[in-house]
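Presented below are the structures under discussion, each in the form of structure tokens.
Okay, so chain A shows up in both of these, paired with chain B first and chain C after.
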Partner chain A sequence: MMKVYKISKDKLKAYLSYLLNKGYSIYGPVKTTSGDVIFSKIEDPEHFVDEKSTNGPKSVVFPEREIIFRYREGKIIEEKSDERRILFGTRTCEIEGFRMLDDVLLKGKYKDISYERKRSNSIIVNFACTKACKYGFCTTFQGPKLKNGFSLQFIDIGDDYLVEAMNEELIVPEYFTEASEEDIKKAEENINNVYKEMEQLPIKDIEKKIKFNDEIWNKLGNYCINCGACNYSCPTCFCFDVYDVKIGNEILRIREWDSCLLEGFSRLAGFNNPRKDNASRLIQRFYHKLVYHKLNYGYYLCTGCGRCIEQCPVNIDIRDVIKYFSGGEL
Partner chain B sequence: MMQVYTNEMLPKTVRILKICDETPDTKTFILENITKRIPKPGQFYMISVFGVGEFPVSFGSANENNLLITVKKVGQGTGALFELGENDIVGLRGPYGNGFPIEEFTGKNIVLIGGGIGIPPLRSVMEYISQHRNEFGYVQLLYGARSPKDIVYKDKLLKDWPKIIDVKLTVDVPDETWKGHVGVVTTLFDQIKNLDSIFLIVGPEIMMRYSVLELKKRGVKESQIYLSLERKMKCGIGICGHCNLGRFYVCKDGPVFRYDIIANERELFYG
Partner chain C sequence: MGNTLNVNLTVCPFCSVGCSFYVVKNDGSYEIIPARGSPVNEGKLCIKGWHALDFVLSKDRLLKPLIRRGNSFIEASWNEALDIVANKLREIRDKYGPDSIGFISSAKATNEDNYIFQKFARVIFGTNNVDHCARLCHSSTVEGLIRAFGTGAMTFSISDIDNADLIFIVGSNTTEHHPIIGSKIINAVKKGANLIVIDPKLTKIASLATIHLQNLPGTDIPILNAIANILIKENYVDWEFINHRTEGFDEFRKIIEKYTPEYASKISEVPEKQIIEAAELYGKSKRTIFFYAMGVTQHIQGTETVEAIANLAMLKGNVGRESTGVGPLRGQNNVQGASDMGALSDFLPGYVRVWDSNAKERIEKIWNAKIPEKPGLTVTEMFEAALEGRLKAMYIIGENPVVSDPHPELVRKALENLEFLVVQDLFLTETAKYADVILPAKSFAEKKGTFTSTERRIQKVHPVVNIEGPLEDWKIITLLARRLGYDWNYEDSDDILREINLVVPQYAGATPERLEEHPFGLQWPVTRDGKETKILHKDRFTRGLGKFHAVEWNGYVETRDSQYPFVLTTGGIYYHWCSGVMTIRSHILYREAPEAYVEINVEDAKLLNIKNGQYVKVKTKYGEVKVKAMISEDIKRGVLFIPFHYSNVPVNELIGYHKDPISRIPEYKVVAARIEVI
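Entry: the complex of A and B
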């Protein structure tokens, strides 16, 4: 059963210090000296900010680049290092992404063991958003608040956070007090504000409305510069490359994030390529998110986080694509 | 019972037992089958040349001790494999993919159609058919190579298989020695004996496209046709996202597809 507490905002940093002192590794949104908010290891509680980070927590459970194994003197040595950690200050669009990664990486015939290790060792402390972010459209999908899949979920209610607890693992009486009916109502109102502030997109049946044969793909293809930012920033993108590197007398097999917007993603030996142009690569990206994944898993491979919109240097916008195929203009 | 998962991305190290030349750019490698598993016809493995990379390869023949693969040198990984010798070590994981639903073909006539390096999966089917010959009806194999010197598995095609099935060969470009048929593989289609057969096609996408077209012209139903597809593969187990054809992943939902299921996929028969 879920329990509900609250914590005073004044006590948040002290609570973080307490967790750090307990020996937990903690990752969360940190403000850098240049003013950007990056999801990374929290060394000093003062650096923590309750803001959505640019990159999100995906790389903690699914690193940009990691060693699968080392090969030395004819032996394969599995790379297994991992730690128990807290992801503190995640957003719902990010953790919903984890749930989608779980479906692909853990629920098929074969499991991605490396992902599973990191995923199952990560305790989630989610911060549900109470304000619409600039590019987000999460209310088209799951909304700003998680229903499950966390240890604690914080919701801003003014001077305090309401704290939903799926378990008591991180509850410390010193910092948490009982929440009143009023606090719970306030949290609900704040969450509802996001629904009011955000535009909800006409996503229904998009998989039936979207078309291959449409000028939009060439139009967008003319702009795309194959930077891959849309994929790398996406909490639901999981595609990876595998390659070997030699360092001294050791060979490392590496896996690294890949991007379906890159020419080499689908290129076969001899420069055969089923996706020769930008248009066909953009079709792949949007069809995977809006059609293929829906057909295979019953939901769209997007949590409305808005990062691909924010980070695309040429303003290719998934919201525009959804609206366009639902009868809108481009 | 709880299923115990291992890290499927870790290959096993296996020894190359024997290497033979097939054609100027194609070699057959016999590897240790250390897992002792007998794969299903049409399945594939991921083979590693450590330090260079990993790529998918079909098996042509298998028993408890040996796995036979045949590789055409086309790039970095295949090139590096060609540098290795007998007793050298490669990495291997698999078998992966669905393979041909060969048991479902019991009692039926079968036509195998292959082009170039598309022959190893058909050899694995032939191995099954030769062990269960009387479970199948009339069996034909139509194989096309670029030139006579590009024919892979000459011994099988010219000597062993004609004893149990009807084998027809063709080359695009003949040389002085060639007395057989000349033309692309579809020019053999007038010699297909039974149009009610099951058709298994493996080869370059363009060859499969024209084969399907020609078969359909002759009234063959889409559901009688099976293709083994090739897409870029990095994991072989359905998690790296590279090999998709629409909603399907060729590595886990394929590589073998009944044609009617994928007939409308936009990226089928590219190029």
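Entry: the complex of A and C
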């Protein structure tokens, strides 16, 4: 049963210090002196900021590149991850992505043990957004607030945060007090503001409206420069490549994020490729997000974080694609 | 950056655009995050940028100095290795004289590394035999733009692209080699800007062009002159600008009269009508930006082609105003900086000519040394000298001439001919295999220092990865200097930058402190009080008046004939970098482009009965390679293209011996060739 507390903003850094002293590794958004917000390990609570980061927390549980196991003298040695982690200050679009990754990587016939290792010891302290961000469109999907999948969820209500607690693991009476009905109402209002500020996209039945044969794919394909950013920045992309590296008498099996916009992603033996051009690769990406995953899992593989829009060098915009197939112009 | 943060800022080590990114270390793995705050990349990166740490973290990194023992190498301590290098270099200098040693610096190293290395050559060894790969990519830019404008660098800023109404590209595959600039051009075109591209290949950027002039390689000058001719005839020119800001116009005008569209069309194989249309489009545009790259510079008339572009820009007053100008797209991440630092055989730091005794006196005072007046040997001349036995030792930092220079077979012989060779690198490269001592260097990701991008932006990098063993290039040189009896006390790259602030006027105000305050850099010239310069030549050209050059096309040095009916041209591709050393060590980048190919037009292939993927031989007068054929509709008929990244298809063995007489850049882009089915 979920309980509701509140914490004064003044106490936030002290609370973070407390958690650090308890031996947790804390990961969260920090502000660099050059002004960017980056999700990284936090050693000093002063660095924490309540802002959406450029990268988000995916790489903490699913790194860009990781060793799956080592092979030495006929034995497989599994990697370990003993860190007790708190991902502090995540955004709803990011943790909703975790839920989708869980469905694919943990709930099928085979479990992805590398992912499970890091995912299972990561406690989530989510910060629901109370302001619309520039490229985000989360209200088209789950919205700015999580329903579950967290330990604590913070919602900005002015001088305090309202705190929803799924469990008492991180609740310390010294920092948390009871929340009033008024606080809860204020939190709801603030969340509703995001719905008011953000454009809702015509997502309904998009899987039926989208077309394989359409000029839009060639048009966007002409612009795409195959940088991979839409995949690398996405909280829901899970494709990877696997390869071995030999160092001395040890072999490392490594996996690395892959990108479906790259030619080599779907290249077959003899350099045949069913997705030879950018247009067909863009179809793959958008169909995976808006059609295939819906058919297989019942929901769209997108949380509306807007990172693929922000990081695309040539401004290919999933919002435009959704609107276009719902009868809009491009 | 605060030290306690687990995130640090650095600059991409590949091309010269100067994109910033952060690196985060999480529980043993690294993540690259593009910097939103950077005015250059604005939170975006290309595929190479996203994979910029792959080679850094490669298992192949050299961690300890290596010393030759017969045909193999043994590991040595730094003390041991440095003693050998210092003693041997001293011995050779004393025995054969200062000019018996050649120093090749690196456009991948920082400004501080380059500055120290050229000072090492000039002050301690008393030779101007110091050069770097700008000689092979943009020495013609340095010469051409200094002659035309007075400064050998991009005249505007990357952000100027946004508001240009015409972007005019000559010989640059922009989306592959400078992808973030390429993407900005794409975005400008989407917003309505016009785009003219001169290129023998239908590149991605050419496919988006308003007009694509698909010419034969090496025929840019006649096209550029013909456009100038039309502009003057149709009175599209800015007379006020020409009269008040330039000189040499009349002579130029006389020369170009014979460059009619018809004449240019005959040489270049571009339809006359297209040349006229391009001239009209340019004539009617108000703010034009010119970009060019190695398709212009790597020619026997490289310098003159640069001058021809400068002519065209000046005709319409397209220099010194916002969203106008001439933009060389430099190759390496720090080739601008390495040139600024005087890692060139004829220039001291800040582009002071080595023979200009008045100007160099200031530097001699700071260095407390006399600098020889005789220009040194260039990169390619060093190998010629080594072959002839005039050069006895070489010290090469971060370059792989056995793959990247013309005629690798001669480079190999030259290296074998040396009495002593030091190679300082990250990897045991094809070149390092010839060394007597190999010194392991830190990569960009492990050190502090500054890089200067193609838009003259001086940016500070910070260590983002820690690898035990290698040292900074400047540190290694400093340790050697001390062994050679010089009291060099640089403790930190900032100490060197402070000296650069004194020596190089363009860098006067780019102090270590100021660059910390401006994490995304300052564009030179930076005045002593910290004012940067977005646009050069605003009210006057650096040289006073802009100079029109009466540039003529000299005809092909290599004529196609029945025996060699194709023009072979070389270049790079999106996923790789230079001699491939950095990018073949990235799993994804290598996977994307694992092997070399020769691109041939579909009609030509049909005539020769060549099938896609089939092995063929490409032959020139100078050599031959075996390579897979790639049949394409994008390349002009009669032209072949082979990428230069692959050491197993050494295309540089196929090119000729011709050089631009002004900049001494080799002709990489035009050689008569034939293709044979095996």
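By our rule, the second predicted complex is superposed on the first by the 329 of 330 C-alpha atoms of A that agree within 3 Å, B and C clash if a C-alpha of one lies under 4 Å from a C-alpha of the other, contacts with A are read in each partner's own complex, and residues count from 1 in each chain.
Just so we're on the same page, a residue touches a chain if its C-beta (ideal position, glycine included) is under 8 Å from a C-beta of that chain, and two chains touch if they have at least 3 such contacts.
The model shown is predicted, which means the values in this text are computed figures rather than measured ones.
Engineer: Kindly classify A:166 by the partners it touches after superposition: chain B alone (first), chain C alone (second), both, or neither?
Structural biologist: neither
Engineer: For A:311 in the superposed arrangement: first (chain B), second (chain C), both or neither?
Structural biologist: second
Engineer: Quick check for you: in the superposed arrangement, does A:113 touch first (chain B), second (chain C), both or neither?
Structural biologist: After superposition on chain A, A:113 lies in contact with chain B alone.
Engineer: Which partner chains sit in contact with A:247 here, chain B, chain C, both or neither? Use first/second/both/neither.
Structural biologist: A:247: touches chain C, not chain B.
Engineer: Quick check on the superposed pair: does A:36 touch chain B, chain C, both, or neither? Answer first, second, both or neither.
Structural biologist: A:36 sits against chain C, while chain B stays out of touch.
Engineer: Counting only touches as set out at the top, which of chain B and chain C does A:14 meet: first, second, both, neither?
Structural biologist: After superposition on chain A, A:14 lies in contact with neither partner.
Engineer: With both complexes overlaid on chain A, does A:258 touch chain B (first), chain C (second), both or neither?
Structural biologist: A:258 sits against chain B and chain C alike.
Engineer: Quick one: is A:226 in contact with chain B, with chain C, with both, or with neither? Answer first, second, both or neither.
Structural biologist: second
Engineer: Which chain A residues are contacted by chain C in one complex and by chain B in the other?
Structural biologist: In the superposed arrangement, which is not itself an observed complex, chain A uses residues 241, 243, 258, 270 for both chain B and chain C.
Engineer: Quick one: which bits of chain C touch chain A in the complex? Just the residue numbers, please.
Structural biologist: Counting only chain C, the residues touching chain A are 1-2, 4-7, 9, 22, 24-37, 43-47, 49-50, 59, 175, 179-180, 182-184, 186-187, 190, 204, 207-208, 519-520, 574, 587-588, 591-592, 613.
Engineer: So in the complex, which bits of chain B are touching chain A?
Structural biologist: So the residues of chain B in touch with chain A come to 5-11, 13, 48, 50-54, 74-75, 78, 89, 91, 205, 230-232, 234-235, 237-242, 244, 246-247, 252, 266-267, 270-271.
Engineer: Give the list of chain A residues in touch with chain C in this complex.
Structural biologist: Touch list, chain A to chain C: 25, 27, 30, 32-36, 38-44, 47, 54-55, 59-60, 63-66, 81, 83, 118, 222-223, 225-229, 232, 241, 243, 245, 247, 254, 256, 258-259, 262-264, 270-271, 310-315.
Engineer: Which of the residues in chain A come into contact with chain B in the complex?
Structural biologist: Answer in residue numbers: 68-69, 71, 74-76, 78, 104-105, 108-114, 116, 212, 238-244, 246, 251, 253, 255, 258, 260, 265-270, 272-276, 280, 283-284, 287-288, 291-292, 295-296.
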